[in-house]
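Handing you this structure, nothing more for now.
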Amino acid sequence: MSGTTQAAGWTREDMARRLAEDIPDGAYVNLGIGIPELVARFVPDDRTLIYHTENGLLGMGPSPDDGDGDPELINAGKRQVTALPGAAYFHHADSFAMIRGGHLDLSVLGALQVAASGDLANWSTGEPGAIPAVGGAMDLVAGVKNVFVITQHTTRDGKPKLVESCSYPLTGRGVVDRVYTDLAVVDITAEGFRLVELAPGLDLEFVQHRTGAPLLPPIAEQEATTS
Amino acid sequence: MSGTTQAAGWTREDMARRLAEDIPDGAYVNLGIGIPELVARFVPDDRTLIYHTENGLLGMGPSPDDGDGDPELINAGKRQVTALPGAAYFHHADSFAMIRGGHLDLSVLGALQVAASGDLANWSTGEPGAIPAVGGAMDLVAGVKNVFVITQHTTRDGKPKLVESCSYPLTGRGVVDRVYTDLAVVDITAEGFRLVELAPGLDLEFVQHRTGAPLLPPIAEQEATTS
Amino acid sequence: MIDKRVASAAAAVADIADGSSIMIGGFGEAGSPVELLHALIDQGAKDLTVISNNTGSGEVGLAALLKARRVRKVVCSFPKSANSTVFPDLYREGFTELELVPQGTLAERIRAGGAGVHAFYTPTAVGTPLAEGKESRVFDDREFVLEYGLRADVALIKGRAADTHGNVVYNKTARNFAPPMAMAAATTIVQVQETCEPGGLDPETVVTPGIFVDRVVAVAEPAHESALVAAGASYP
Amino acid sequence: MIDKRVASAAAAVADIADGSSIMIGGFGEAGSPVELLHALIDQGAKDLTVISNNTGSGEVGLAALLKARRVRKVVCSFPKSANSTVFPDLYREGFTELELVPQGTLAERIRAGGAGVHAFYTPTAVGTPLAEGKESRVFDDREFVLEYGLRADVALIKGRAADTHGNVVYNKTARNFAPPMAMAAATTIVQVQETCEPGGLDPETVVTPGIFVDRVVAVAEPAHESALVAAGASYP
């Protein structure tokens, strides 16, 4: 192993910033609850994204100032938000028509596990006695054009979250396009996980060691090696 | 035959008036093009009906005064209409959701043929070379709670339009509830055509003679006969 | 004269029978018809099936209906809430059954039920436990699950304003499930802050046409679930 | 900065390729995007498939596009008009094929295409010639026909006003097919009488959210088909 410190890698803010860089101007984006929500803070100033919240709003803005909110203007995480100029409200069937019909450009979600095939598990650990709750995750991954996952590379006890095959119940099969972790940016390709970028100071071996399936080198590097 | 004059029976206005009597207050009604449209003129003053036009309006009112119309406010017959207080506009998928979903109380349609089983043919004579055109008729008969047909009892050359089995292409199978003709009001029942009411001066035999399938006597009369 | 207004929430829900299926609008507290739910608790109908995105928070509104042990089954996408253990307790006890449906599939099944579409093929949930036991089919090399339209005996929803014909407009994201639910129930009951005569709403901006609405109840100042929960309220 | 406005109808339709499938809004003349249709005639794309409720009137708008022999197939519910023989002539000649679809099934197929619903079961047309050759199935003792979602390369629609994000509102019954078509096309082009900045439309009253719209063209005083036909106009 070329690095041993547990502190190596990106912070959550770094991860969100790195993901935000990859979102083109004008994209229609749905950000999941938790780390995905951070992404909105780091979108470069020269880009305008339009945020969709599946409970029925396009053109979602930030949280209101204290006291200015309306309990009936909330996001999918049930927190109060605002509506920006150019917003539109619609009902749930129309909102999920947008999702299922492939009209959104990007869904950013958290994950329990991502498989090398692009399978995603992010809604249930399958524990007996747990209350199953799925919300809109299965709809988002089935319908949105691009699905980015943002997650720690490993669980709190050090197990890989990028795996050969998900052990948790799936949210969708072959749906993830790219994963942003604290250690790396990883594409899902026909050949499996492929490294796009490493966090500063890390090398492929370090990240491979913390990944549950083969991690291919970046395309450019591979080409350089084989040419 | 108990009557021989061709002039016997109801006028179109009489037919429309007779049908209008059977529509309850507050009903949501779709009137087809032609004779069905006449019905609106004869609704008793103490009843309010709400008219649906399948191109996207509930609460349709009469034709506008000359010069007051909007070419973008039209009915299914593409004639200019008005919108009454309490009206709502909606798109075609929503409009036919109302129709297909069983939300309208009554559809009034013309007919080429009605079969004793309630089959309706009203969109095509199946002539070779004719341009087929169906519009919303198949949706209306498939979805609306009650389907009333208003039509002459026979064709111009005297052939029955109430028949054992339709020879023209069907609009729907087993969909008609009641037929209002110039000679009679006829229910479609599990046993076939059953007379509800005769036009003044006519008797069952006269109407039966002009009907292509057995015409049962009215329930009350039959009960009187058999008791 | 058409006038769908009824005098009170109690009158609006008076005839709901034991064993009814009831669609309840709302996503979280936005659009939750709290006053209609409380009237339903008072009314006493039991053995209900509830179709709703969530299972309520605290011990008010939908959570209170559950807590009163009136609901034997919920059809739902997200039956968890940070501040309510009502449903989890009933579920673990085995009193209330859960049919878990992805949120978009739930919305589309309700819309299909209201639109006379008997069933439809959707890509959502393919390959997941929520598609297990369901019919699936491949079209153009992609797999789809067959899902069925959903109807109910009653819908309880919340709007901002309605006219006497039952045309409804909503407030912001409180719209959520109400329009499709209004289409899918045999009897749709809406509580609104304001009622008006026909002509009081612009026909271009009506969201739910009156044909989908049976009863309108004015609740001028509806309670906000979050405020009730914050105050520690428990209904009844 | 998002700004979906384009300078002219010509610019809006410039990249429509031969062989494209094109949804065209309108029921009769209400909502027919006459200026976009005329621009498409000028542009020259041919071998088109047109999905539209009608086939136009006179020799303007959609009828003119047909008359220019640009359309090889129409998917349509009512291809007849009191004052146009354009489509009947092309149909009898065998130049333009017809797929006849019941009006509500057409609307629902378009909505399904836009909503990611691959196929659905409908009661409409069961037992009629329009169900022949189609898969059908009995659920709960009633027969339903399987119909498929419909998508297109382009939608040409007409609204009343739009903002630069592409949010659209309509005028009266001109709304008709436009909202589902906007959802079902890869590229949706709307002509409107007025454009405005974001914030110029009330978010509660937007009918077609901007996510469904790609290009907005201002046509301040659109021609009415009936007026053109009455004047004996023929395009080009």
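General remarks:
When the chains are written out, they are named A, B, C and D in that same order, and each has its own residue count from 1.
One rule holds in what follows: contacts are C-beta pairs under 8 Å (C-beta built on N, C-alpha and C of every residue); 3 or more make two chains touch, one makes a residue touch a chain.
Bear in mind the structure is a predicted one, so any value in this text is a computation, not a measurement.
More inter-chain C-beta contacts link the pair B-D than the other of A-D and B-D.
Centroid analysis (C-alpha atoms only) places A farthest from chain B. The mean-CA centres of chain A and chain D are about 36 angstrom from one another, to the nearest whole unit.
Each chain gets a centre from the mean of its Cα atoms; for chain A and chain B, those two points are 57 Å apart. Centre-to-centre separation of chain A and chain C, using mean CA positions: 30 Å.
Counting partner chains per residue, chain A has residues 57, 83, 89-90, 93, 96-97, 99-100, 142-143 touching two or more of them. Within chain D, contacts with two or more other chains are made by residues 108, 111, 115-117, 122-123, 170, 172, 204. This structure has the following touching chain pairs: A-C, A-D, B-C, B-D, C-D. Contact residues on chain C toward chain A in their complex (touch as defined above): 27-31, 53, 77-80, 87-88, 91-92, 98, 100-105, 107-108, 110-111, 122-130, 170-180, 207, 224-227.
Here chain B touches chain C in the complex through residues 26, 28, 48, 50, 52, 57-59, 83-90, 93-94, 96-104, 142-143, going by the rule given at the top. Those residues of chain C lying in contact with chain D across their complex are 108, 112, 115-123, 139, 142, 144, 169-170, 172, 202, 204-205. Interface of chain D with chain A (complex): residues 1-2, 111, 113-117, 163-165, 167, 183, 197-199, 201, 203-204, 206, 209-212. Interface residues of chain A facing chain C in the complex, by the touch rule stated above, are 53-57, 70-74, 78, 83, 89-93, 95-97, 99-100, 119, 124, 129, 131-139, 142-143, 169-174.
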